Amino acid sequence: MTGVDLSVDVGGVRLKNPVLAASGTFGYGLELAPLVDPALLGGFVTKGLTLAARAGNAPRRIAEAPGGMINRIGLQNVGLEVFLQEKLPELARLDTAVIVNVSGDTAPDYAALAGRLDAVGAPIAGIELNVSCPNVARGGREFGTDPEVLFELVAAARSRTRLPLWVKLSPAVTDIVELAAAAESAGADAIVAVNTAPAAFVEPVWEGSRLSARILRGGLSGQGLKPIALRAVADLRRTVRLPIVGVGGIGSVSDVFEFLAIGASAVQIGTASFADPQLLGRLPGELAAALAERGCASLAEALGRDRVGGRER
Amino acid sequence: MTGVDLSVDVGGVRLKNPVLAASGTFGYGLELAPLVDPALLGGFVTKGLTLAARAGNAPRRIAEAPGGMINRIGLQNVGLEVFLQEKLPELARLDTAVIVNVSGDTAPDYAALAGRLDAVGAPIAGIELNVSCPNVARGGREFGTDPEVLFELVAAARSRTRLPLWVKLSPAVTDIVELAAAAESAGADAIVAVNTAPAAFVEPVWEGSRLSARILRGGLSGQGLKPIALRAVADLRRTVRLPIVGVGGIGSVSDVFEFLAIGASAVQIGTASFADPQLLGRLPGELAAALAERGCASLAEALGRDRVGGRER
Amino acid sequence: MSRRAPLHPPFEAEAPGMEHAVLLGQRAVGPDLAVAEIAAPRTASRAQPGQFVHLRIEELPLRRPFSVYHAAGERLEILYRVKGRGTTRMTRWVPGTDVDLVGPLGHGFAPPAPGERVVLVGGGIGVAPLAFYGARYPEHCAAIVGFGTAAEVGASDRLLQAGVATLVTTEDGSAGQAGLVTAPLAAQLAADPARIDRILACGPEPMLAAVARLAEQHGVACEVALEREMACGTGVCLGCVVPTTDPGQPYLRVCADGPVVPAGLVRW
Amino acid sequence: MSRRAPLHPPFEAEAPGMEHAVLLGQRAVGPDLAVAEIAAPRTASRAQPGQFVHLRIEELPLRRPFSVYHAAGERLEILYRVKGRGTTRMTRWVPGTDVDLVGPLGHGFAPPAPGERVVLVGGGIGVAPLAFYGARYPEHCAAIVGFGTAAEVGASDRLLQAGVATLVTTEDGSAGQAGLVTAPLAAQLAADPARIDRILACGPEPMLAAVARLAEQHGVACEVALEREMACGTGVCLGCVVPTTDPGQPYLRVCADGPVVPAGLVRW
C-alpha cells in the first residue's frame, strides 16, 4: 500500500497495526472472514472467556440507544476447554495477533485462566483481563472498582503468566486513574480503556391508566461512549506510564486519530463494526494513507518511539 | 387545555407539572421569555450559585459531541449578593417554582448558602445542592463521590434551612445508590440524577509529522447521556425512598415518559432546549394530552399517589 | 453454536457479502405496509427463502433485518411495516437512493423434498419469507395467511401472483375467513394430517407458538422463522438469542443459527 | 452581563423569535462558498446588520450560527462556507426545505450617525455582516475585503451590488491587491485617519486583532463581530464567552453581549 510502517508494541504484544477488534464483537475470528479479512487487522480480542462455559443472560439482550447500543450478553461463552480444543486451532490460522479476553468469578479464576493460557502460548499473543463487565453478577465490575482488589487480582494473574497482560477498565468508576495505577503496580503491561458504561433502555408500559416500565440494564457502547472513553484515556495518559489501548465509539479514521492523539498506542473497535462490517479492514489502510499525507514514514514518527515501542523504548 | 392535573410534590416543592428547566441552561428565568413562557413550566433551576461571584473557566468552554455537547463553563455566576439583589426580584415575577442550585468550595459554604436562602424564603421554592459539577477544581464532584463527605455536607446544609433540599448527583461514580442513601439519611428531600458525565472533546493537532491534541475536558450532556441517566434513576428507585428528579438527554415527551415510568417524579431538561427552545413550553401540554388519551385524570393516577405527593403520602 | 450444521442439513448458507445496492422504487401494499424494490444483483441471485438482509439506514447505530420477500434476476424486494425510527426513514427513500445491505444472512427454510406438500402459515408481515418460498416452489405449497383487516391483504401480493392456493383470514372479518390463521390450520390438520408433510410459519410469536403446538399434536414437521433484535446479524455478538429446549445449547442465535429453526427446538 | 445596555447604547435588539422558514434556493459564490436564500418574513423584517440567526440542521445536537448577509422584504440570505458536519448537510438543502431558525439574535453594529464615514473591513466569510451593513447604509460606507484567491471574491456579491466602493485583496494576488486587508487599511489610516470615523471588522481573529490595533493606534473607533462556538445562542449557557479588558466583567458572551462589540473591550 503506502509503505507506511504502522507497527506498534503494546506492552509486549507486537501488532502490525494499531487497529484491533474489541472483545465480544468479532467472535472467534472466522465468523466475519467473508466480510473482513482478519489478516488486515492489527489484532483481535476474543469474546470474554471463563473457566466453565456460560449460557449468558436470558434474552432480551440488546437494544439500540442514541448513538449506539446497550447489551447485556452476560459473558455467554464456550468455556476454557472447548475454546482450547475447538476455537484455538482456528485462531492459529489467522495472520493477526490474538488476545484472549478472560473473566472469572473469583480472583483465583483469573489466575487459573492466565496460567492455562500461558501454558498454551502461541497463537495467543496476550491476555486481556476483563474486570469491567457490567452484565454479570460476579466476575465483572466488582473486581475493577476497588484498587486493592484489583491489585490482588492482577498480581495473581501476573504470577501465572509471562504473556503480556492487558487490564480492561470500566468508565463507570469514581477514579479510573487510581485503578490503572493499581494495575500498573501489580504488573500489568497495558491498560485498555474502556468497557461499556452501565446504562438502561426503557420501554414505558401501560396497564390501564397505570404507568410502569420494561427496563433493560446493560452496557452502553458505540458513538455515544466516545467522549467518555476519550476522557478516560486522556486522564490515564497524564499519570499512568503503561501503554493505553483506546476503546469506545470509534467509527472512523478520524476517531482513531483522536485516540492516538491523546495518548493511546492502539485502538479497539466494536459496535461500529456491526453497522459497517468492513470498517475494520479499511481502517489500517486509511490510517497509513493519512500518515503518508503528513509525510510520516511510520506510526512511530507520529506518536513517538516510546508510544509504539521499539528500540528506544 | 386537557384538564389533566399534572401537579406533583417533589420533596416539599409543589410543582404545577413535572417539567423543569435544568440548572445552567435557563439562565435566571427571563432571558428566554421571548421563546418560552416560564409560567408554562413546572419550575426551573437557576444557574449554579456560589457565595462569591465566579468568572468561570477560560474559553474554549463548549464543543458538540455525538448526540449532545460537552461543557466546561466552570460555574460562572454573579455570586450570592448580586443574585439576591438583582436576579431574585425578577424571579419573583415568574409564575413558576424557582429552585436555586448552589455550589461551594467547602461544606460550610453550602451550609452558609442554605442559611442565606432560607432567610430569603419566597420566591425560592427549594435548594438544589450541586455536588457533581465536573468542571471546577473545588466544590464539585469531590463532595459527591464519598458517602461520608456527602453526608456531612447535606447534614450541614439541612441544619441551616427548612426549604426543600434536593441533592444532584454525578453519574460518574462507582456506586450512585450508596451516595443517594447517604444524602437521604442526612435529610435530603429529593435526589436529582444526573449531572453531566466527565467527557472529552479532542482535536488532533499536527506539528509537522508529530501528532498531539487539543483536549477540552468537560461534562457530557444531551441525548447521549440519556441511557446513563435512565440507569441511574432505575438503580436509585430500587433502594432510595426519596422522590427522584430525572435529568439527562430528555428531548421529547416520550423521553419524559421513560423517566416517569422507571420512578422519577419529575424531570429536568437542559441541552435539548438549546436546539429546540420551545420544547420546555410544549412538553407539559403534550404530557397532559398523552395522559388524557390513556384516560388519566391526573399524573397521580399514572404514577401512584406516593410518587406525586398529596394526601395519601 | 457448534450445532449449526446439524440444524440445517440440506444446505450451508452462502457467505454473506456487502452490497451497495440501489432503490428502484417502492409500492404501498396497505396501511403502513410497503414493498421496497432494490437492484441488488449479488444478493438477489444468492438469497434462499427465509434468509434475510441487514439494511443500514442513514446514521442509525444498528442495521435493520428484513426477510427477502422476492428475488428475481437483479431485483430484490422486501416487504416492510412502518414501525419506528428506521422504517419511517425508509419510507422517504426515493428511486436511486443507495441501499447499503449485508446479505443474504442466516439459514432459510429447507427446500421441499420431491412431492413434499408444504403449508405456509403467515401472520401479518410474517408473510414475507413465505411468499418467497411459495414463489420458488409453488407446486409444493398451499398457504394460510392472516391479517388484521382487509386493507392489509395486499401484503401477500407476491404470494398470490405465484399462484399458490391461499386462504386468507382477517381478525375483523373484513376479508376472507374471520379470526386467526390457527383456526383453518387446526381444521385442516384435524381433517387429514397426512395431507401435510411440513408446516412453515412466520409471524407474531404467540401465533408461532400456537402453530408449533398444533404441528406437534398432529406429528407434522414444522419450521418457524424467528425475529429478534439484532446487532451484528452475523453470529458474533450473541445479542439475538432465543432459549431452546436443548440443554446442551441453552440459546440459539436467530441471525446465524436461524432465523428458520425447527419449531420443536424453541422454548416458547 | 449587567453591562449589556451600556455596551450597545444606540438600540436594544428586538426579542428573538423562532421562525419556521423555507429555503427558496441556493447559489454557489465560490469554492465551498454558498448563499442560502430563505423565506423568513419575521426575521428578515427585524434583522439588523451584525445580528445572526441560529439554524437547526436535522438531528445535529446544536444549532449553527450565521450572520445575516442580506435581508429584504421576506427574503433573508446567509453566506456560508462549507466547513463541517452542519454546513455539509446544508449544501443538500433544496428549494422548499424547511429551515428552522431562531433570530435575529445578538447585537449588531451601531447604525451610522449622520455624516459618519465608516470603513468595513472583512476577511473571507467575515464579509457577510458587513455586506448587510453596506447595503443598508451605502452612502456611509467604503469597504476593504480580503480573500485567499480570486475564486472566492464572489462571496462579496451583495456588497458590490449595493454600490459600496470596495477594495479587494487576495493572499495569492489573483485578484485585486496582493496581500492582506490590513495593508490597505494601514495605508489609508496613515494617509488620513480623520477621514475614517469608524471601522467595522469581521473575519479571522488574527485579522480582527490586527485591525483593532491599527484602529487604536490611529484613535479611530472600531467595532468587531466575533465568532465562538455556541450552544444556546440566547445568553443562558455561558458557553460562548471571550475574555475582556474590563476587570469588572472578565468575560462577555458573544451571542448576547455581542457578536458585535467595541474592539477595545476584547482581550486578544
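Just a few scattered comments:
A, B, C and D label the chains in the order they appear, each numbered from 1.
Keep this in mind: a contact is a pair of C-beta atoms (placed from the backbone, for glycine too) under 8 Å apart; a residue touches a chain by one contact, two chains touch by 3 or more.
Given the structure is predicted, the values throughout are model-derived calculations rather than measurements.
Shared contacts of chain C and chain D, meaning chains that touch the two of them, come down to nothing at all. Considering every other chain in turn, the ones in contact with both chain B and chain C prove to be A.
For the pair chain A and chain C, the distance between mean C-alpha positions equals 36 Å.
Chain A and chain B have centres, each the mean of its CA atoms, that are 34 Å apart. Inter-chain centre distance (chain A to chain D, centres taken as mean C-alpha positions): 47 Å.
Contact with two or more other chains is made by residues 65, 67, 223 of chain A.
Counting partner chains per residue, chain C shows two or more touched chains at no residue at all.
Under the stated contact rule, the graph of chain-to-chain touches is a line, running from one end chain to the other without closing. Of all possible chain pairs, those that touch are A-B, A-C, B-D. Residues of chain B touching chain D in their complex: 24-27, 31-32, 34-35, 47, 55-56, 58-65, 67-69, 71, 73, 76, 78, 82, 86, 222-223, 271, 273-278.
Interface of chain A with chain B (complex): residues 65-67, 70, 145, 171-175, 197-206, 208-213, 215, 217, 220, 223-224, 226-228, 230-231, 234-235, 249, 254, 257-262, 294-296, 301-304. Those residues of chain D that touch chain B in the complex are listed here as 1-2, 15-18, 56, 60-63, 102, 228-243, 250-251, 256.
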